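In what follows, a single structure is set out as structure tokens and then discussed.
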Amino acid sequence: MATFAVIEFPGSNCDHDAYYAVKHVLGQRAEFVWHKDTDLRGADVVVLPGGFSYGDYLRTGAIAKFSPVMSQVRAFADAGGPVIGICNGFQVLLEAGLLEGALLRNRRLKFLCRHVHVRVEQVDTPFTGEAMGGQILKLPIAHGEGNYYAAPETVSTLEANHQVVFRYCAAAGERSDTANPNGSINAIAGVCNRRRNVVGLMPHPERACESALGSEDGRVILESAVAAVLSAGVA
Amino acid sequence: MKTRVFVTLKPSVFDPQGRTIVQALGSMGYAAVRDVRQGKYFELDVDTDSEEAARMLATEVADRLLANPVIESYRVEVEE
Amino acid sequence: MKTRVFVTLKPSVFDPQGRTIVQALGSMGYAAVRDVRQGKYFELDVDTDSEEAARMLATEVADRLLANPVIESYRVEVEE
Amino acid sequence: MDQATIDSHGLSADEYRRLVGILRREPTITELGIFSVMWSEHCSYKSSRLYLSRLPTDGPRVVQGPGENAGAVDIGEGLAAVFKIESHNHPSFIEPYQGAATGVGGIIRDIFTMGARPIALLNSLRFGGLDDPETRRLVDGVVAGIAGYGNSIGIPTVGGEIAFEPSYAGNPLVNVFCLGVAKVDGLAKGLASGAGNPVYYVGAKTGRDGIHGATMASAEFDEHSADNRPAVQVGDPFMEKLLLEACLEVMQTDALVGIQDMGAAGLTCSTCEMGARGDAGIEIDVSLVPQRETGMSAYEIMLSESQERMLLVARQGRESEVERVFEKWDLHAVRIGHVTEDEVLRVRNGATVVAEIPNRQLADEAPLYDRPTQVPGYLDEVQQLALEVLAAPGELVGAWRQLLAAPVIANKRWVYRQYDHMVRTNTVVGPGLTAGVVRIKGTDRALAMSVDGNGRYTYLDPREGARLAVAEAARNVACTGGEPIAATNCLNFGNPERPDIMWQLAEAIEGIGEACRSLEIPITGGNVSLYNETDGEAIYPTPVLGVVGLIEDRARVLTRVFPEAGLDIVVLGDPMGALGGSEYLKVSYELVRGRPAPVDLARERALQRVLVAMARERLIRSAHDCAEGGFAVTLAECCIAGAGVGATVELPPVDGSDDRFGLVRALFGEAPSRVVVSVASSERDRLLEVARAASVPAVVIGQTGGERVVIGVDGAEVASLGLDEAEHVWEHGLSRHFESVDSAA
């Protein structure tokens, strides 16, 4: 069994959703870790959940990056541990410099909650190992600032290093301007670090783990992490 | 001509962002920052050579669109 | 001491808010406003009498918290 | 006390005399302020109480009726649903974003104050016509404000309604509903007891904002209100999120005696009501209250309506437990006083006593008015509908298209995509499909909820309109398979001092009472918003009903969508509609006239029960209520909201076929107690049998399938629309008035 630490910042609001998906849908172990804690409770996987840490005041993720727990998260990532940032968690990872780039206001300036499709571009991360390359996932988004941006050189490097993990696409997989919900550069929905163990994405896989909620496509992301942990344990 | 508009919450209006920033600064060790108020800042590129015309236009625009007069006030500066 | 920090998006970064404002202004008849960039503006009340100290502190705070260097640049002014 | 000061507090001569009688002396200025807010219409319900007391509030499931911060009903497995609706109309007109946002904040506090975890929001909105840019600005701000607060705090908005009528142009309505879940034996109370127990203040600091907000909500707008803009309250959803989590955590301990949020009338209302409910008194020192501004007077502190503040009474000796929980959430619980035995609200400012008021009299002996009523002069005239003087109806398909594009009917995606409707991962049916449904984790259960009210109907016939609102909200819930178990209501009316408005209010409350009694749905709470007028022009009288339904097995939830081709389509209920007050008359003739088709409550009850039974037995595959736009619009909505399954139906012959409006009435006439369901052919006979046994009319009218929606009458096709076209007009009817939220479809 894999243990997922779900970090709780003040203002996180998808912490319980991630916990529920890990524990009650996937049947794995889940532990909440308060942002002032300095112990990751034996985590195999660290989840930075969605929400509005510190109200998203100033900038999304800007204040949360100074939380005491973030130095543990950094150490965990530096040691190669799998870390995933979902929505606000992605924003925190970017602010903290664990991933490259930034998230701007959505192109239309409005908060947007809906299902979108993303294509899995890379399967060699701990969060996509169980997916098929090019697999299309139907996942919900719910954000006002998900417009991924990085300087052109950075984007080139990310592309060259295959660090773009998820890209917005139409239901059948093709890329188009209308399939890009927020104006993200190169339709980027999620990226990883150089070492590939830290992944951030705007869509919410934890909201797409049960058919009763409209999609189960998010499971593969969390299940990949479980598989990665188990195979690392065996190895 | 480059014109700048500053929009700030009226002093009596509560600024939750400013308060949260002060608290964050406090816990980062910057207790010397006693208060923060967050506002908006606009740089307008106005198609005129007259400082007076730029100021008038920017003021009108600030009044009608950039500031919400119910809770905000604004100030206009023209770059010399 | 009152200190002001201006945070603006770097010129290379697309500003959807600014663009929306220019469009709105265009339809309101203010075509003379060629471009708008929206930034943030902070008023800091710093507990010091030294202009130099206020500037240093505000700069540090802007650098560490108020601006995100990936997309933004900042400027600090101390009120005389 | 000089007359000008008394007048400026909105107290009548009689009320002032009553106040002096209670105090047995002249009031201090702080006391005058306290009485004025507690006795304002908003806090005291002085014009409506008499009528409200006749509403049915009892039922086997009721755990908490009106009187606490929110009502509660038993939903089984030891759980209670706690819910209420609130208006924030005036503040939203003054500053749409903040007004709507703080409205959401207020109703959420009412729910978690009860010890319930809020799990869903709904909203009911009314604006003027969308052609007016000012209306669009208001809509934009209100929707963004609701989104800004609800999304941040992480409570999904799972439904609502929005309508546009010129009568709301200068006075929009923003009603917000929140529902939470608590353990039945874990409900918190808003009371103070146990002399010596400490009274804590927690949350945002007190500023000068919203002073006299409660009295503002009770005075009509005039042309000056735009100038003397009262201070606007800015919502802080982050603070509220911390308060929510911290308060729910504190309630897990038994260190808490009582808790109440500071809503309208702030510290005044919370201290006096908590004392009155607990047969105790509260003594506080305002100098201990955390203040955002310098030099605030006791008067200002007592009357401030700063948001995101709570008042708690803890058990003596358990202080540190309470304080520790709040510290964890970076909040500081400040002790500002204690409970006393003497049933007096005593306010000190340091050593000086600035107010000393017997709190029971203040809370419970507020003035009560039996205001004169009179049938409004307009009524006779508008109830007449002479179809024979109208131009001949146009082409049916054209009217059908127009109706699908009417903003009240069109796709509301532009609105609800701005709301996070999925957070908390409970949303089984989100906005866009009649009632919202959220599951209750840890059980098989789910709750359905809907807010409804048709101001046009209530304008044309207040009593009937109110009955129809109850019936529609309950029917929407029943269409998901939910058994309606309780209701809340928000009464939005004009100036009750006008006898014609008072008559509307009285009639509407009677109508709600009749319908709730007959449908056996108790009212567990609500809100009254009066003085909704601009320059003497009142809004349409608008009661909004919120109904909650229980679904025991969430796997049996239904939506309106035809799930596949080859199903039989059945109309349950009375097949014919009427044109009085219909959207058709509005859209095609710009007429708001006639009387809405009345609801036969016994038939309505039978229909709702049979729907719930059919859902439970998995007899039907979808269900959709016929509302605005009538049968043709309903049928199209069943087809286009989902994957896009067409339908071909044939209605029975129309009575009076010589009548020019016969077909119009069949297609677009509106009437209650009518639901379109789909059923597998193999189950059809069983369905008809169940309906017959329940004495609910049921007519098989056609089948799902194809790429078109085709309606025939008596053997001849009368109207047909391609799915793509229907979807296109429906899709853009509302969103075309706004910048798109989203580039993708």
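Per-chain numbering from 1; labels A, B, C and D assigned in written order.
One rule holds for everything that comes next: a contact is a pair of C-beta atoms (placed from the backbone, for glycine too) under 8 Å apart; a residue touches a chain by one contact, two chains touch by 3 or more.
Computed from a prediction, not measured in an experiment: that's the story for all the values here.
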{"item": "Pair joined by the larger number of C-beta contacts - A-D, A-B", "value": "A-D"}
{"item": "Centre-to-centre distance between chain D and chain B (centres being mean Cα positions), rounded to whole Å", "value": "37"}
{"item": "Inter-chain centre distance, chain C versus chain D - centres from mean C-alpha coordinates, in Å", "value": "41"}
{"item": "Per-residue overlap in chain C, given as positions that touch at least 2 other chains", "value": "20, 65-66"}
{"item": "Junction residues of chain A - those touching two or more other chains", "value": "54-55, 57-58, 63, 66, 107-108"}
{"item": "Multi-partner residues of chain D (at least 2 other chains)", "value": "236, 238-239, 330, 739"}
{"item": "All chain pairs that touch each other", "value": "A-B, A-C, A-D, B-C, B-D"}
{"item": "In the complex with chain A, residue positions of chain C that touch it", "value": "12-14, 16-17, 20, 65-66, 68, 70-71"}
{"item": "In the complex, chain B residues that touch chain A", "value": "16-17, 20-21, 24, 27-28, 38"}
{"item": "Touch list for chain C against partner chain B, complex", "value": "6-8, 18, 21, 24-25, 28, 30-48, 57, 60-61, 64-66"}
{"item": "Chain A-facing residues of chain D, complex", "value": "144, 147-148, 151-154, 236-239, 241-242, 328-330, 416-425, 427-428, 439, 441, 554-555, 739-745"}
{"item": "Chain B-facing residues of chain A, complex", "value": "54-55, 57-58, 63, 66"}
